[in-house]
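Supplied in structure tokens, the structure appears directly below.
We just call them A, B and C in the order they show up, numbering each chain from 1.
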Amino acid sequence: MNLFPSMMAQVVEESFFKKVPGPGLYGLLALGLILGIVLCLALSRVPSNMRRWVIVGFTFLAGLPYVAAYLWPTPVAADFQTEIPRNGVEKVGFFLNQAMDPVGTITNIIQGFLLGVGFYSLVRIHYTKVKRRQENWGFSIVLLTCFVLMAVIGLWDWQMRTFVDTTGALNVRDNWTAVNYIQDFLFEGIYQQMDSAMFSMIAFFILSAAYRAFRIRSVEATVMMASALILMLNLMGALTFAQGNAIESLAANSNNMFLMNFKINTFADWLRSTMQIPAIRAIDFGVGLGALAMGLRLWLGLEKGGVT
Amino acid sequence: MNLNYDVIKITAGVIATIGLYSILYKENRFYRLFEHIFLGLAAGYTIVATWKDTLYPQWWQKMMGQAATADAPAVPGYWIYAALLPIGLLAYLVFNKKHNWMSKIPIGVILGLWSGQQIQVWWNTWGPQIFSSMQPIIPTTFSPLNVPSTMEAVGGKVLPIADPDRAAAVQQQITNNLFVTQALTNFIFVITFISAFSYFIFSFELKGKLMTGVNKFGRWMLMIGFGAIFGSTVMARFALVIDRMAYIVIEWVQALTRGA
Amino acid sequence: MQKVDRRVLYGILVVCVCVGLFFPSTIRTDPDPSSKSFYAAVKSLPQGSTIIVQTDWTNSTRGESLGHFENLMRLLMDGEHKFIFYSAADPAAPQVARTVIARIVAERKEQGLKEYKIGEDYVDLGFFPNAEATNTSMGANLKAAWAGRKSKTPDGKEIDIFKTPVLAKVNKIEDCQMMVVITASQSIDIAVQRLAQKIDITALVTGVVGPTVLPFYQSQQIKGVAVGLKGVYDIEYLMEYGINDAEIEGRKYVTWDGPKVDKVEQGTRFSRGRQYYGTLHVALALLILAVVMGNVAMFAARRRKGEQV
């Protein structure tokens, strides 16, 4: 029985880039780290007139796999998991397809590291405030305390659930320790409720603005208000149902089915599919064209003042 | 114990909610306190989530692999992922005066990945939408002018046509024809889309009554779109207030009474 | 009249909403066509289908998204579908979803219905930080995109997600029958742009996101969408009455030109949507009243000043 794990380990496919855990892998990890550091040091030596091209090059290379994978001809219904490419063109297509995941993973990882810049900034600002006893520095202490508390307790809770609790016992509250309770209290009890409260406050401001500022002063304002009003009336099911019933009675008594078009929800559906949707589509289309142009300019390094 | 914990937890949530709502009355220190608690917790949780849901499974685990266990064979680790650490950390050079240009490299990689996807994204988004916007505007029949009803009046009620043959005939008539009202609806759809979009054309000066008229009409059509967005947003924000109030007057009160 | 203190308006809103909450009632309505399409699309899935659930909401939009997510869970569990859930928008979203799933599982267990188990009936993939890259990878190579992710099993062990009964037969995204995106952000756009050609997508979105998603519905890039709190109530209403199914006084509750779509026979149907929908009426009426009164006050003031209105 003890042989089983080692037998299993033998069938694992290794290559130059992937090794099973052990001294070999750890040595290569150190090598990978050194390679990264050497690359960064080499980049730091780049003369200032070449720096723009380094950034443009990284940007271009990062975007290239997606463009190539989209434009490269591949069989329409290719199953990249089980099928084997038939010729050189398909081999490239299959390779590009396989490249999608590592490229996506690299983005996620780099983005993960980038988030740290924001945390560093936040901590620096509030630490400086406390250090210099600037106005309201007490609130900065509160912020930093909550920040550290949530991070430490959150990671502790995760560590317990991932490495200590191998049977899933912590999914049941009776088995919780103080750490799990504090994590739940901070996340579910306070953070999530405040998140919800923050977003809901906008409703109060909308109501106040509707009373003070939503005025029929021009054709544009009138058209906008009419569109919003019809949509809001249509959201009130009790109202549309009662009005619909009244229209139905009228139609039945007069035997004129055309009247049915005057039900609020029928008219609101018509307005939505005939005018609201194309208008919103036009707005998005304008934005979409802008995004395409911006995307191409960024990718090809044409956007001055962008990343460069 | 559990019941008591529930009461404490929900009470804390209610106090925090009221603390934030206090800004609606006026600017005050109670609000400022809870605002800073919120920001601290949000930043702290993002660190936890970034590690446990991104860096740990996608970077650390893939890099370190996994030793064989009784149930599963070993998973090899990709050592080259170690090189991503220094590259990712380049972003922190933004605080260094001499090398801050290098912080743009990881940002450039992210932007490159975004921009490289735009060609595919544009076509996938707009191909079907342009296609579905091109609607027929010439009617195939003028008699009747509007779409025949599939309903009929029976005993003071409007019900679907009961006779299956007549219902099928009406249905077939609807399927086979484009009526004047439908053509008009389609025309309004197309003209709304084109005129509203034309409002975004800034590349050349619009001259003449027709062009300025289309432009002006487009602005009105845009307002219809904005009206829809406003109405829907109002529903969304009110839903959130309703939920908060439900949390306080129903969930909290229930917890208090149960807890007691 | 134009000088009413804003705090008075806020107070009226709070009072109206609180009072409304104490009178939940089943309001007769006609669900939106897009909500009907959503319900029909989910109900027409063969029993035991595999569904991808991208849950991109947190408690910040609990008033709408929680109801949507609860409805979706009840619908999927009613159809005994297997599902995979993850978030590509917010790190907190998977935790919020886990809490809701645990509650719905407990509720159905109490009702004597099938108890859903992690690793057997559903899989938790956690959070993916970059929606663009995540959805692109899923479309290109699902196995690679989700490689290395583990799932807990009912007996507390951990196994590779592709060895669970949920994903055992899934090699590519086309092997799943539907993708449902519950979102409070533009992540639905990203999913449609990258995956709509490979899998049927449906959506449950907030009122803020709704207007920008409807063009996708019109062009059939998504097969159905329920928008906002009205959408939550629509789906509950459809679960209770079906389409061309339940009758009252010789007439169907809900009709459409398509075929009959069954109501949900067991488990909870009306829930959060029913509790909140009546109150939404009150709040909307208040807003409309505020707009009308504001304009009346403006015209009155102008008239007093002798201006031409």
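Criterion: a residue touches a chain if its C-beta (ideal position, glycine included) is under 8 Å from a C-beta of that chain, and two chains touch if they have at least 3 such contacts.
Nothing here was measured: the structure is a model prediction, and the numbers come from that model.
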Among line, ring, star, complete and other, the chain contact graph is complete
Closest to the centroid of all CA atoms, by its own CA mean, is chain B
Whole-angstrom distance, CA centroid of subunit B to CA centroid of subunit C, is 12
Taking each chain's centre as the mean of its CA atoms, subunit A sits from subunit C at a distance in Å of 18
Where subunit B touches two or more other chains at once, the residues are 24, 45-46, 48-50, 52, 54, 58, 62, 72, 75, 113-114, 117, 120-121, 125, 129, 133, 157, 225, 228-229, 232-235, 237-238, 240-241, 243-244
Expected list for subunit A, residues touching two or more other chains, is 66, 103-105, 107-108, 111-112, 187-188, 191-193, 195-196, 198-200, 203-204, 206, 225, 229, 232, 235, 272-273, 276-278, 280-281
Residues of subunit C that touch two or more other chains sit at 10, 13, 61-63, 92, 128-130, 132-133, 136, 157, 211-212, 215, 218, 228, 230, 280, 283-284, 287
Subunit A contacts subunit C in the complex at 66, 69, 79-82, 97-98, 100-101, 103-105, 107-108, 111-112, 166-169, 171, 187-188, 191-193, 195-196, 198-200, 203-204, 206-208, 210-216, 225, 229, 232-233, 235-241, 244, 265, 269, 272-273, 276-278, 280-281, 284
In the complex, the residues of subunit B that touch subunit C are 24-25, 45-46, 48-50, 52-54, 57-58, 61-62, 71-72, 75, 113-114, 117, 120-121, 124-125, 128-129, 131-133, 150, 157, 159-160, 225, 228-229, 232-246, 249-250
Subunit C contacts subunit B in the complex at 7, 10, 13-14, 17-18, 20-22, 61-64, 66, 91-92, 94, 126-130, 132-133, 136, 148-149, 157, 159-160, 189, 192-194, 196-197, 206-208, 210-212, 215-216, 218-221, 227-230, 250-251, 255, 257, 275-276, 279-280, 283-284, 287
As the complex stands, subunit C meets subunit A at residues 2, 4, 6, 9-10, 13, 27-30, 32-33, 58-63, 92, 95-96, 99, 102, 128-130, 132-134, 136-137, 140-141, 143-145, 147, 152, 155-158, 171-172, 211-212, 214-215, 218, 228, 230, 233, 277-278, 280-281, 283-288, 290-291, 293-295, 298
